[in-house]
């Protein structure tokens, strides 16, 4: 399983394993049913079709299945498609490693935990340190496994913690250049800003929005969590609590992006910028990796649908 | 103190008492200092100037003072102004009633409490009833005294509870016409929607925004309070809690008005409309009261700066 | 014909009658022509395909035909589709009732007429009463049969009059709570606000926009009609006429929704809200009827593309 | 009265006559009343102050008065102001000509009428010609006297007819270059587009909005008038009527400028452009006349608040 | 080759020649590859499909090929499609004229050059004349051959020069009506405004955006060119240069259309309008040509997606 | 001259020197002229009034004068104002240092030049290095002296170079964290992005917009300069030139901020963020310096009019 689907050329034939991300059923012009299955490995996703599908096939090719396929890469209207020759469900003998199908952060959960913990331990303000530590500890497992989003940026296993890790390093650089920044406030803001995603999202793979996520959103969810934690820690009503709640509430930077308050504290404004830069660098790097110098990328929806140029320099 | 400032005609002379709402100092073209004081009685506010002011006068004419004035009503560029003849601080002998200076709801605190309580007691869903009761009881004193806003609508003593009372009656009418509405959810949403204002605002008179109000806003404040209350009542994680948090988060109806979520539940959508109708009727009635049939009102800022017409029908 | 298409389960087979709402022709990958026909019964619409279609078939399966079909319900990419086994045009022997294919208001034309007439007869202002009566009488037949729109809300037979009926009841509730409202003006505004739709739309079924509808719009059409009626009734230039024209012109509430004037009269503002609430309740109820508690509806285009949640309470 | 106020230099002293356009009263820091009067001659307007004003003076210096003043031109914060030395009401002996105070179109009413009539008479479509002629004849007096607006462009006596005259000449040029344009439709659209202003505005001088103007607007007013005229002429329901109503309804070109319909006919689109070009040229010429080459004009509100440059070429 | 594809009726069979504008490959439900080829003649474009395509066919049916086809016109979901019976690459014997496949301006390159040159030669300002002449001469070949855009308006051979020619005639008409306009500035602005398109676009046929075009845009490209030309002609720093650069920079009229400056000179404002009118007349005429009186056109994307009506007058 | 105006308390009396930044004339209610002069020292600006001003005084108190004043600090409606006791023009004996009146960057011109030069010298791409060096050398004097803007941020002597210096250090940090960034492109973009301001603005003090600045803007001015420089250096048409022109054109990030192109290259996107962060930190630091912990700042216009909170942490 060394070679991934996005490393093949159009026209190339191959035999490999995939995780079935989703399945939809249709009726072809010959009146027979067919399945469109979205297959996933670490490099990305690809669609394939199973024609003249039987009731038994419908039963086994479902979201979450792992399959072995023989196929060929096609280009259908500028979009890659897998033309299947053979497909079957894996057996124990295939010895596939479930983890091989999911993209994950370049750092391990342990490394990410160590990195984030170091920033917490160095905080000088006792209340901020305790509050941050309490909430990270409470959700530690999910915090280290969840993606940062269902799509667009850092949508891979441990994407949330990796995004936080990169933002902390960026925040540290900026705080060193602008000494008026309160590092404790900024770092706690970074660590907590997306923590509500462990409730908003369903899990590390095949990630969807939960009912709570849809109705309340990660921004309000973490503000509420901070409120609860403050009571538990006996620091309810302290300015530190209000300040951190303000940072998480305002970190989307604009009302139309779902922040009920605009940033009104210097560190809140900076947090918004750091979040943006890290998310955009992640999207840009991935879009640009797939094109050659002198070419333009596909349009990137979350970057105002722009198509970026990769200079030949 | 029967006749109020907005009942006088331009040019009319009178002697009466006022509450000093705010004071600012300036320097006149004759190089001498003067004070602009905003005087308030139940009918509204009016500006007056104290020229050639002495240090002693500056000391006594401050926000919160109560004064006796002799003056005459002027029209200065379309705006009423009070031309002072005499002014002095009241003494015990004046026997003024502090309450006479502040507009207040047409119903007493007791009546408002009784009205709201009845809706709570009739709720059939135990969790919703307990949660609503818990939060109203916790903040009962402020809830019955605070205005609904610092300006625009229901900005008078008990304005918050009166606004809720009117919305409940309107909500009841609508729920009777559209039977698919869940009354418990709608009534609880109405009762709680602005409860965060008891933290966002500073008090019943000379009302300002608190630091918490500025940084978090009443929408997030009440969502957090509901979260805390749910823990206290042992119903954390129940759908009732999420639903009520959604109603309060979405009740402004649009991102640009500070709601981090749009209404996604039928009762949330209706709550938003009921809030709007009651607030607008309050603004419209007051603006139209001050003009004659056949005239247009002053522009009303919170109604998109429109100037409304009072038909001669 | 008791069971409707939206009451079947995916996979269920059935034999029933449909009205052919529209037909489009295509060429399949086997180079043969096929028809996509949209079939309609009271519960909604469903697409089906007739493959390898002959010239004779093309001739008979047209908009407005009524057909008997044997088929099975499929789910094609999340959208229901009817897989045809057999189809034929109905004969006299089938004894179908044309009315059975069209959704209609829950009240009969007679009931709606009676309800609306009662509000008119109770008006105290003679000019308003006469004007309203004149226009309703002039267009009585269409007024009682037309839908309120081609899609989105009240898009069924008698939808227009039913929408008016519900708005009148809502308006009455609100006017009782806010006594400063002029009931004659509000009720006349409600009754006339969408009357221009009898000219804007083509008819009660297979409804389209007319040329006049496209070029002038129902808002201007009714304003013009009121102008003509005023002349006919000899009340041209009276304030009642201007006020009612203002109410219909401004009832969409915003320039971008096609109102050339914003509401500048209290009853105009209220009319806009009542129209919105009734239209939205109608859309919400229908979207929510099709999902189970704990589920989200399909996105509703006319409600800002939101997907609503049906609580499990 | 040959020299006008805008021809004087700052610091220059002069004796001349003015029309009093408006008056407001204030109270000075010495506690005495003063009047701010806006004086007008053909070249523009200027403010002056009458200090320590007596009750008698208040009585005579009112809107519509004509005064003789001796004064000096001052520059107050970049705005011209007249410093009064003497002021008195004119007497019969002064022999002032009322018309001298009002800017008017460069063509006489007779010339304008002749120009517009020629375009009407040359129309080939009988229905369009009759409809246009009927409405111009009905409002002939006001049509030839009214301004095109209360401010911004063509806000002078006969401004409405002059604006139409210029637009007709521009329309003729364009129609000659793009022969697919229907000249009858375009010319009738030009002649009628602002005719509703004779009802929307109060008169040729000291022009204000009427109640009907505020509530209905000139766009709907003329659409209604066309509807009435069509009945009177027995051409109700003809496509010519609908087309002309569409042209006037859509001539502002955008919803947010008060058009309930966007232009959907070629001549409607062109009408919108012609209206814009003529209005903007009028505003630009007047703003640029007041500055020297190499300078920027004052900001022009109706041109998106831009400040225009007058090149030294 | 006299009859063009847009002159055939649906269902009509014909044999003709086409230019292959673009080709995409797909996989059909029978698992075989097919090509979708866009064929072009002077009247427009049409899609066709080659089923069960061989590797050799893929090799020869490429963008830029010229083919002879036998086929039949179909209507597929409201869109015309060509059903191929036979197709082959043309040979020398077919004697096709390459130019026959491309729409072109109604005037020849020589006529356009003569028209534009006359306007340049009549300029009185030496610097403006030299600058304009220098840039037109430098890019003369491309200027006379390029389209004005890749789609929407004047997207045919010599479309750029034809658009300029029409704008010059329109500009001349307007300047004659408003004598304050500086003709030299306006004409030079018209001639230069889109000259950057010779760098922004790839060529007269199968036109695409170049990398420079994507990254800099024709607006900045021509501003830079004027800067370079000014140095070459020794008139760097002259006001004429700045004024012309301003005209080209601001000619889109709004920031959101890519103009970094709004028009701040009278001729810049007029240039923007002239550009708009000519582009819109071109789009309107073509959309309306394809429908009958009494019908609405297809939606025109570049005209705010409006669907225009062709009156029956 | 050690104590600056913003270090005094309200009510404090002092004798000091100021630079006269601007002067406007008015007429007081006593009919006499007065001057409002804006006085400036390094700490900021303050207004004062000279009453009953003589013609001689008007002549000497002009923009650019240096004065000695005796006065007292007042608070006029929340705004500081200087009440003058005495004022006179300085003489040689006063020995004022002109530089003392102007705020300047915390680094000297020499330090800034050295910092920027180091980044240029380290560039590896020869063409980028030469182009950057050429343009910095050409405008070296102004580049090191000019402010970065007339107001809002870095509006002090050497503000432009200091802003570039800070952005370079921030860019270096970010490029170290995201190694895919091309440092040469980013650094050259930072150094050149605002270079057009040396033409757009009038000079280091009393800074205004030039005619070229108003008509073309610094964004287009520097794009044109790069074009000219490329010709001079013989690298016209090279991708490096296009890329740098793209970076400067797109650095405002949005059309509505005057960028004719959105960022389409990774380094362009990052440049936009770096520019924003440094400008905002500069504005935030200055606004927050003037308030105490626990207070809100004045509204900052260029930060969406927000009022920021200074936490008590």
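As written, the chain order gives the labels A, B, C, D, E and F, with residue 1 at the start of each chain.
Everything below uses one rule, namely that a residue touches a chain if its C-beta (ideal position, glycine included) is under 8 Å from a C-beta of that chain, and two chains touch if they have at least 3 such contacts.
Protein names from UniProt, one per chain: A, B, C, D, E, F = 3'-5' exoribonuclease YhaM.
For clarity, every value in this text was computed on a predicted model and none was experimentally measured.
The chains that touch chain D as well as chain F are B, E.
Looking at which of A-E and C-D shares more C-beta pairs in contact, the answer is the pair C-D.
Averaged Cα coordinates give chain E a centre that lies 44 Å from the centre of chain F.
Inter-chain centre distance (chain A to chain D, centres taken as mean C-alpha positions): 60 Å. Per-chain CA centroids place chain A at a distance of 41 Å from chain F. Of all residues in chain C, those touching 2 or more other chains are 29, 211, 214-215, 239, 243, 264-265, 296, 309, listed in ascending order.
Chain pairs that touch one another: A-B, A-C, A-E, A-F, B-C, B-D, B-F, C-D, C-E, D-E, D-F, E-F.
Every residue of chain A that touches chain E in the complex is listed here, in rising order: 28-30, 34, 51, 74-78, 81, 83, 294, 296, 309. Residue ranges of chain B in contact with chain C, taken from their complex: 125, 166, 169-170, 173-174, 176-178, 180, 182, 184-185, 239-240, 243, 262-266, 269-270, 273, 276-277, 280-281, 284-285, 288, 296, 303-304, 306-309, 311-313. On the chain A side of its complex with chain C, the touching residues are 24-27, 29, 31, 33, 36, 211, 214-215.
Residues 211-212, 214-217, 219-220, 223-225, 227-228, 231, 239, 242-243, 245-246, 249, 255-261, 264-265 of chain C are the ones that touch chain D when the two sit in their complex.
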